[in-house]
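Both complexes shown next keep subunit A, but they swap its partner, so subunit B is in the first and subunit C is in the second.
== the complex of A and B ==
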């Protein structure tokens, strides 16, 4: 329980850091740490597939993409941020924590516990047999992503 | 093979960029339009025969082995598929000439077809998580399409749209997680059945609030509407037509109605919330539309206001109210599609969207002016056009259900709507021809063909409204009015 709580607090702290840190590189790494901790929580809660994906894709692959992108951008341009952000985020965050603390404990007691145990079936079975329609959707998401990149980074033919 | 509605546009989208290397214009035009025409014919002609014996629930087999692609086609989903195919076809017809100067046409059609596939996939889904996935498919394609012109304001609008849309997605995933936690299932029928046995008021309230926020953002109901007046006007005209005509209704209103009415069951509290949001959107957006100088921005605010009517109608929960809401959804899809396409014709001819700069364009573009007038009068609810009948149904349903105040508001907002549409008509098309536009010509053939097609439909459905209601609207409304039973009973669980 203590380990679990520590992990959860770690997720929250690193997520907040990812938002408030001004240096993009540090922010990307904070996000990676947060998702690494989340992956460990998944493992501890008997969801190894979710854990593997969280750590390999979100903590690994996406962080690499972020770092690469940051390395390719120029650093000398100062981006002006609205002052509003500085106090709106903490305010919303604190309000969220307060509401969460007040509401969630009561709610969780009312949620019936699902049958626990390791994830049923092999990974292939889950993906191909029981969530196949989502796979079609995933293919469509990838197509949409690829076409978006092609469209947004195309050479402007006549506009320029 | 109802999966064709999802797979056909996806496959064509996949090969389009390759085809674009061979033929930059003609082949992509033909392929995209032919695809949508096939879908339209399938929905309009074969669809009703398919569901003649009740809803079709299909489990697909792949190479002799059954896989878990289970789709459901009933009156409501068929009706939505028809709306998507119809407006989608008109907008892609319009794109033939309009997208000429943007370049990268094959790529444009590919994104466009992915967006259509996403909407169709959402409509056929019978599982909460599939709804979310296909909602994202359509949304991701639409972000890129809004930014397709690559100018500064287009990119900014797309970014704002992306950010608010992500918030909506987060709420939806949250809601789905809560439901999954409670019932252990995602399938509509399983969730509907489990929720009926489970007595979990407060948790349901949280899940409902999450869904209301998420779908409210997607449908751009006031007060979640901030992204729409930026995103819709910035997109190329055919995309504005599809976003306003279809996307906010499929990923907002359809998903909301399907989940709240068929899976959760409409409680009095939910009904009040939906009607309240509907009336608020109707009134606030109508006043905001009045103050606009940008033609497309005015149309965008009008979309929010008209979606308010749809949600108000469905929120009443009576069979007549639901039928009125769905009929208005269809009519608004046609008319708003038409208006955005006409505004595209005007923008392409004059290079501006500012109403104050226009004037007298009716002399130079008589067909565009006429079709625009049909669309405007239809949305404003002038008899005998289609929009009149759907608004009438909603107002009658409101009176019958004992909400006379809402009925009066609906009538007054309708007057307001007529006012700002006549403002567009007067400033853009009537009056003295501004000298600047002496050389303006009527829009090219395919653009005019698309607007004329939609205008003819607006008039035709207005005249043949009773047969439209019996053949298309009533079967769809019956599904929603049937409540939870529609999915737990007839979808077979």
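== the complex of A and C ==
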């Protein structure tokens, strides 16, 4: 429990660092570390498939895509952020955490346990048998993503 | 619900809150997208935490994997859009987009 809480605190800290840090490359790496810690949490929650996907896809592939984009959009001109934001963001976030903790403390024990039937079978059976149709939709989403990337990077014709 | 569930909900809400604050405060397009990613992390933590508390971790896992796969195509499309915007405006400032009229 203590290890799990420490990992969760690490996820929040690295996610906040990813938003707050000025250097884009550093914030992409902070996001990758947060994903890595989240993947370890998933492993500890007995969800190995979700952990593997989180570490390999989110911490690996998405970080590579971010770094590639940062390299392709290297600019001398920095985007000017207002200085007020640097002070306001941590303060508002701490206030949010305090309110969050108070609300959770107030709710403790008040949310009734949801009815749940015992799950049977393996992960593969649950994934392929009980969720067949939305997997087809998922394939459609991936294809739509591929086509949109191809459309965005297509070569311009001479008439354009 | 068990006490562990409240812990997961607390941290998931913290992640979603941090992402929303980042979306409100930042002006860099890539930073805005990193904030959206942080919100997504909160949502997947919430899904798996609830599955863990309800002892239906397999369904929650299947949902999280679906979410991660869709997240990848979302990231690829959005980053391609960001590169195209950069080619047009030579800047990553989201305020410049308001000037793209006509």
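In the analysis below, the second predicted complex is superposed on the first by the 121 of 160 C-alpha atoms of A that agree within 3 Å, B and C clash if a C-alpha of one lies under 4 Å from a C-alpha of the other, contacts with A are read in each partner's own complex, and residues count from 1 in each chain.
In this text, a residue touches a chain if its C-beta (ideal position, glycine included) is under 8 Å from a C-beta of that chain, and two chains touch if they have at least 3 such contacts.
Since the model is a prediction, treat every value here as computed from it, not as a measurement.
Of the two partner chains placed around the shared chain by superposition, subunit C is the only one that A:70 touches, whereas subunit B remains out of contact. Of the two partner chains placed by the overlay, subunit B and subunit C both lie in contact with A:107. Of the two partner chains placed around the shared chain by superposition, subunit B is the only one that A:133 touches, whereas subunit C remains out of contact. In the overlay built on the shared chain, the residue A:141 is in contact with subunit B and with subunit C. Contacts of A:53 after superposition: subunit C is touched, whereas subunit B is not reached.
Looking at the shared chain after the overlay, A:154 reaches subunit B, while subunit C stays out of its contact range.
Looking at the superposition, the partner that touches the larger set of subunit A residues, subunit B or subunit C, turns out to be C.
By the touch criterion defined above, A:97 reaches subunit C but does not reach subunit B. For the contact definition in use here, the residues of subunit A common to its subunit B contact set and its subunit C contact set are 107, 111-112, 114, 130-131, 134, 138, 141, 144-145, 148, 152. Residues of subunit A that touch subunit C in their complex: 1, 4-5, 8-9, 11-12, 15-16, 18-19, 24, 27-28, 31, 34-35, 38, 41-42, 45-47, 49-50, 53-54, 57-58, 61-62, 65-66, 68-70, 72-73, 75, 77, 79-81, 85, 88-89, 92-93, 96-97, 100-101, 104, 107-108, 111-114, 116-119, 121-123, 126-127, 130-131, 134-135, 138, 141-142, 144-146, 148-149, 152-153.
Residue ranges on subunit B touching subunit A, taken from their complex, read 6-7, 10, 13-14, 17, 60, 62, 67-71, 101-104, 107-108, 110-111, 114-115, 117-118, 121, 125, 127, 129-130, 133-134, 136-137, 140-141, 143-145, 147-151, 178, 181-182, 184, 198, 200, 202-203, 206.
Considering their complex, residues 1-11, 13-15, 17-19, 21-22, 25-28, 30-31, 34-35, 37-38, 41, 44-45, 48-49, 51-52, 54-62, 64-66, 68-77, 79-84, 86, 90-93 of subunit C touch subunit A. Across the complex, subunit A meets subunit B through its residues 103, 106-107, 110-112, 114-115, 128-134, 136-141, 143-145, 147-148, 150-152, 154, 156-159.
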